[in-house]
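Here is the structure we will look at.
Every chain is named by a letter (A, B, C, D, E and F) in the order it is written, and numbering of its residues begins at 1.
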Amino acid sequence: MLQGLVDFFSTTGFALVTWKMLVMWAVAVVLLWLAIAKGFEPLLLVPIAFGALVANLPTRGVITTEVKPNGAIDSAIFRIEGRVLPAEHPGAPGEANLQVLKVEKVEGGLYDFISQGIKLELFPPLIFLGVGALTDFGPLIAMPRTLMLGAAAQVGLFITFMGASLLGFSAKQAASIGIIGGADGPTAIFLTNKLAPELLGAVAVAAYSYMSLVPLIQPPIMRLLTTDKERRIRMQSLRKVSKLEKLIFAVVVMIICILLVPDAAALISMLMLGNFIRECGVTERLVKSAQNEIINVLTIFLGTSVGITMRADSFLAAETLKIIVLGVIAFGFSTASGVLVAKLMNVLSPNNPVNPLIGSAGVSAVPMAARVSHVEGQKYDPNNYLLMHAMGPNVAGVIGTAVAAGYFLSTLGH
Amino acid sequence: MLLSSPFFAAALPTHPGIGETIVFQINGLLVVFLALATIWGVLELTGIYFRRAAARAKATPPPAVVAPAPLPGLPPQVVAAISGAVCVVIDARHRILAIAPVTADLDWAHEGRRQIFASHQVR
Amino acid sequence: MLQGLVDFFSTTGFALVTWKMLVMWAVAVVLLWLAIAKGFEPLLLVPIAFGALVANLPTRGVITTEVKPNGAIDSAIFRIEGRVLPAEHPGAPGEANLQVLKVEKVEGGLYDFISQGIKLELFPPLIFLGVGALTDFGPLIAMPRTLMLGAAAQVGLFITFMGASLLGFSAKQAASIGIIGGADGPTAIFLTNKLAPELLGAVAVAAYSYMSLVPLIQPPIMRLLTTDKERRIRMQSLRKVSKLEKLIFAVVVMIICILLVPDAAALISMLMLGNFIRECGVTERLVKSAQNEIINVLTIFLGTSVGITMRADSFLAAETLKIIVLGVIAFGFSTASGVLVAKLMNVLSPNNPVNPLIGSAGVSAVPMAARVSHVEGQKYDPNNYLLMHAMGPNVAGVIGTAVAAGYFLSTLGH
Amino acid sequence: MLQGLVDFFSTTGFALVTWKMLVMWAVAVVLLWLAIAKGFEPLLLVPIAFGALVANLPTRGVITTEVKPNGAIDSAIFRIEGRVLPAEHPGAPGEANLQVLKVEKVEGGLYDFISQGIKLELFPPLIFLGVGALTDFGPLIAMPRTLMLGAAAQVGLFITFMGASLLGFSAKQAASIGIIGGADGPTAIFLTNKLAPELLGAVAVAAYSYMSLVPLIQPPIMRLLTTDKERRIRMQSLRKVSKLEKLIFAVVVMIICILLVPDAAALISMLMLGNFIRECGVTERLVKSAQNEIINVLTIFLGTSVGITMRADSFLAAETLKIIVLGVIAFGFSTASGVLVAKLMNVLSPNNPVNPLIGSAGVSAVPMAARVSHVEGQKYDPNNYLLMHAMGPNVAGVIGTAVAAGYFLSTLGH
Amino acid sequence: MLLSSPFFAAALPTHPGIGETIVFQINGLLVVFLALATIWGVLELTGIYFRRAAARAKATPPPAVVAPAPLPGLPPQVVAAISGAVCVVIDARHRILAIAPVTADLDWAHEGRRQIFASHQVR
Amino acid sequence: MLLSSPFFAAALPTHPGIGETIVFQINGLLVVFLALATIWGVLELTGIYFRRAAARAKATPPPAVVAPAPLPGLPPQVVAAISGAVCVVIDARHRILAIAPVTADLDWAHEGRRQIFASHQVR
């Protein structure tokens, strides 16, 4: 009797819980509190926090991790068991190294398979399919100049790249930290998984938390860099954009971006496919699926898969703190450069001025950053409706960050 | 992370004898009761805290909700119809505080803006 | 002309139909009748019966089965055809056995791939994600004592384990047969696929059929073990459980169960994630997906994949009859032990008595077993509303069976 | 500075754009115009056209294609990187060629994985699951004779097979071109992927475009082959078909077709499973998923995966033009043979005549071909309601084409 | 299960001659007609059975459905409104047998219970 | 198709110096501005075309939409109720041209047919 119980207890997980794992339990609870009580990107932070909790529990059959010779930790490993069959016609030319493997058994934990959605770079582009189906690029097409504000908002990315490399991060890691300033979850996860998978947890948590902090981080910077007169600038109401224009926009943006940064093709093509089926008006069934089924289901799996990488020994490291600090800097500089470039545009073409407050909306986090510009503008002139104008740079920022990610990939990725 | 579970010494042979199965059973039951009893214990603790919190809340009556004085001259069926419509549109728990005639002509613009605000929280 | 037709007929399946397959067609039709006319778990039994029909037809390109040397039948086998490339930097240390396989072709039938959802243990945890999102643990939190009734209801599992091993089943097979008494489809399929995949069809059919028979099996046992006075016991109405309590419950149960039975981590973590996103109130989009898209689509694939394993030569065997008989015994003992432990609780703490009729609800099949206790109680006192009280043990039984499966896995699984 | 920019530009895609790719951009735009402005099967042609655009852009990380020694182009290739572990018990018999591969990394582009849905023949049967859930076979069961019109409509398939092989296509290619006349997207893609994957793009585009052209192609042929008197034939209203009959129909059709053409088992079993869960009335949740989530999501992926195979050098070839011409011929003959067999039926059994106009509906494209017969009939007698009668051959044609595909597979497939 | 399909002796060569294609075609058509004719045959058989069953059913008229005597004093528009509401809530075929004033005060409790009963059939 | 990307000669070393990072940054920014500026240019061109098209459209006023003369004797609330119902059923932009009493008795048959017509466009 006793011997059986003793043996059973040797299989339980109590002995494997380290104090670091308890700290991670606390981190997960704090993230859950931020998401539920403070409304910090709940759709992402709740699954991420839950994944982090599971990552720091002595589970069996959920995730397999291995420490590689060079110290890096590799997770989501599974085994294929099968019989090597002789190739059908071995003699034929070009059949030299042909191998036929009859797979009899595949073994792995639940998240060894679900996390492949991240490792194979499938979830981010497919979520961008949904984001494209939810986004209206009308305001941007009506005022194409705001593209420059979307580009300006990427300055924070590159400045933080320098900051990170100064703090000792490798070039690949510095790029993954800089991308946080782009305020686009899928793009950040897409890039970080390719360049620095070991930072995935920290980068995702920083990116999604800062997106929720936009209403706190941006207003002080916007007020600091703008004069009272500039804040009251009223802009002409946007012209109505026709369906055909929006369809042409989707195809043109896809062609230009893929030609310039082929490495961002997966993200850009899915973003524009989602937008195209939204605007063309004859694919209602597909739009509904992209906006709901696809994006909701993948968000649960993306969030938990990111959380599962947040193991105590890799997350509770100095790098994580550096990343959190650098993340704020990235957001700060992106906001500032958006506003400054808006002021520059007024200098260059004073006749139809741009209210600099919409510059900060270049930091995507659609549509929250645009809402912040609108609310900020109303503080100085209650009848100044900036929302639609701010949506221009807001959605331009999504394209800007994808292009920046493409640049990082083509220079550092291969 | 994957526990390289220690080889379970006294693992049951493929065809265990009666004695072994009985021991195996009882151990199994003990483990199930142990797990659920631990949860029971924790729930009793949290239960005490939350029962006290609920009692305290009952002591301090919630701020008296003054009944919304219906607009004079508004027939009751119209009030009923309006609250019915509100109930259909706001598909969640809500309370109608006041019914006022439309003044500003910006309402549909606000509605447009509201839709953009709520357009998507997934990023 | 004729020769072509004769050749064609050699490819048709007529010659391959055995009388056993005809018997299986009848079994499938009976299951369909039970599901449609008698309402026996239709959402599961219809796909399972259809899968069984397909399993017993001479199909090509649907399922590949092979008889292994030791007589066991292995199904859902597919082939990977590719070229073995030399590892990029062969000389490097630790690269000894590194192999890069460029996959050019993957070949297999439709259910060789869909059934991987069961073989890789993916469908059961993901369906538990949906079950968690549909379950209200409020009644259990309001009356934690009912956890003991959930535990008591697992007695049937272990008694049937002994019964099965006496009837000559191996320890692993006995565990897979015992789990039927837990009345949880996903848990039964999760355990059986790991310990005794050859019994998958019989165990699943028995489990889901008995869940529908709960309104027939339980009442006689409940009446047998309770006195008239006990059946009229009125219980205090349950206190209202706050959102925070439900959130804490989800996290606490997950931590305790994973620490105690790490092997049940996949099931428990998904069950509690589903419940957490239901109760936290800020992830409405994710809850809707878990409750509908995920659970419906996976139920079609789970059901048909289970059905596809029901091949004549493995299903039409003495074991199947033994399993069906043992299944009833499992349910019977689980019901009885639930009621008896409820009576025991009244003896131990007579001041706030428990109506033993709710003990039988420990046999999950949520919410049907709770409904049976409620309806039974009303026969003796029409104004005695036991439903909410019975939901306590009902949902506790889900956790109890998952823990029991964890015990079986950690002792027999490795 | 400059050197960095020059290096960056060496990674851009400008240099890789050939004039052929520009032609394909035009082809994609034309297809989009047909889908959006002319309503040509938008749900399919929009994703296909978009996929074609991406296929002809210099992308990285989207699709991997390789030219095989025999000149054929193979796409959707991915790599598996792992360590070959010694088999657990190497000595055991039958373990000779056992190999355990610990997979550490899987590499491939977004559509190298999504397109596996087509290469592994998963999307077509699963879309047929949805088609089955959307189809009412009532009219066919009420007038079983119309099955002969469904069969007659397959004549076009075989005539075009001969036409294609005369034009120099191989037998396998001829079968893939003939199937266009069946007007069933999933069946055409299922067969073409197996027999002649290199023609996938052209066959899919031709099939879906001609389905939309049914209202133009069919009426002239229908008028040509029918006399005024025949067009006014009124048919008795169809009897009401009970639920039980529809359930029996689903099972009977599945058994007969699988016995006769085992190779069509995947398509037929999913079509009938979808129809069974629709008609049995107790699986509402599963029907809703099959009719919406499953079919919508898979249509996006099927369409784009087909489009991605439309690379300039394989699509812009003489074969494509031949396929487009042969496609029309296939549709024409199918329509004609449907009408002629209807007239033959009137000769054989003059007592209850069939209005030959419904014969053309044997060319599935459900429910459009049936609508064409109805509208055509109303031109000659406004109170002659042929729609329900035409639905008979319309849905029979779906089964007919699946059987024809099974014939092609069993004769040419192995 | 996977049929190891016998090697199809007279399988068509990659580029079959005219004769062979014609034979191949006719065989194909024969197979398609054979399959659909078999289904036709079976449907005719089941058709006979079900047509007879339907005839028998028509012979014995269904139990006379007595029109629900509307509650005295209930204006017709209210009956129409109530049946409209019922139609919206019960999204399936239904027949209103009687309309009676609410007596017991337990109705919302029953509704709560009904929701739990129907809460989920997926297990 | 996969570009076998030429080995990026001056790829950044793992730990680039200050000078190299600054150059790398500026290049990055230039690429982003270049991409978005190209899109800006194209949008300005299409913008000109569409602004002119919109102007021309405004010049030729759209065919005057004659207000649907409401059926004599139809009380305004009934018209309001009907258009409300139409709005709920047709869940898209629409304009009510006329309200006419039901004449033919085939309407529900038409509705059945309409549902079959729209039953599914996925093939």
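Methods note: contacts are C-beta pairs under 8 Å (C-beta built on N, C-alpha and C of every residue); 3 or more make two chains touch, one makes a residue touch a chain.
Because the structure is predicted, anything quoted here is derived from the model rather than measured.
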Separation of chain C from chain B in steps, with touching chains one step apart: 1
Touching chain D and also chain E, the following chains: C
Pair exhibiting more inter-chain C-beta contacts, D-F or A-F: A-F
Longest centre-to-centre distance from chain E, chain (CA-based): A
Centre distance in Å when chain B and chain E are each reduced to the mean of their C-alpha atoms: 37
Length of the line joining the C-alpha centres of chain B and chain D, rounded to whole Å: 46
Where chain A touches two or more other chains at once, by residue number: 7-8, 11, 13, 42-43, 58-61, 80, 82, 85, 101, 109, 260-262, 285, 293, 295-296, 299, 407, 410-411
Where chain B touches two or more other chains at once, by residue number: 3, 5, 8, 11, 24, 26-27, 31, 121-122
Every chain pair in contact, whichever chains are involved: A-B, A-C, A-D, A-F, B-C, C-D, C-E, D-E, D-F
Of all residues in chain A, those that touch chain B in their complex: 1, 3-5, 7-8, 10-11, 13, 16, 41-44, 55, 58-61, 63-65, 109, 127, 130-131, 134-136, 183-186, 208, 211, 291, 295-296, 299, 311, 364-367, 371, 385, 387-388, 391
Parts of chain B lying in touch with chain C, wherever the complex brings them together: 3, 5, 7-8, 11-16, 18, 21-22, 24-29, 31-40, 42-44, 46-47, 50-51, 53-54, 121-122
Sites on chain A touched by chain D in the complex: 74, 77-85, 93-94, 101, 116, 119-122, 125, 129, 247, 251, 254-255, 258-263, 265-266, 269-270, 273, 276-277, 280-283, 285-286, 288-290, 293-294, 407, 409-411
Chain E contact footprint on chain D (complex, rising order): 141, 144-145, 147-148, 150-151, 154-155, 157-159, 161-162, 165-166, 168, 170-172, 174, 239-242, 244-245, 248-249, 252-253, 256-257, 260-262, 285, 396, 399-400, 403-404, 407-408, 410-412, 414
Residues on chain D engaged by chain A in the complex (per definition of touch): 7-8, 11-14, 17, 25, 29, 32, 35-36, 39, 42-43, 46-47, 50, 53-54, 57-62, 68-69, 80, 82, 85, 97-110, 113-114, 292-293, 295-297, 299-300, 304
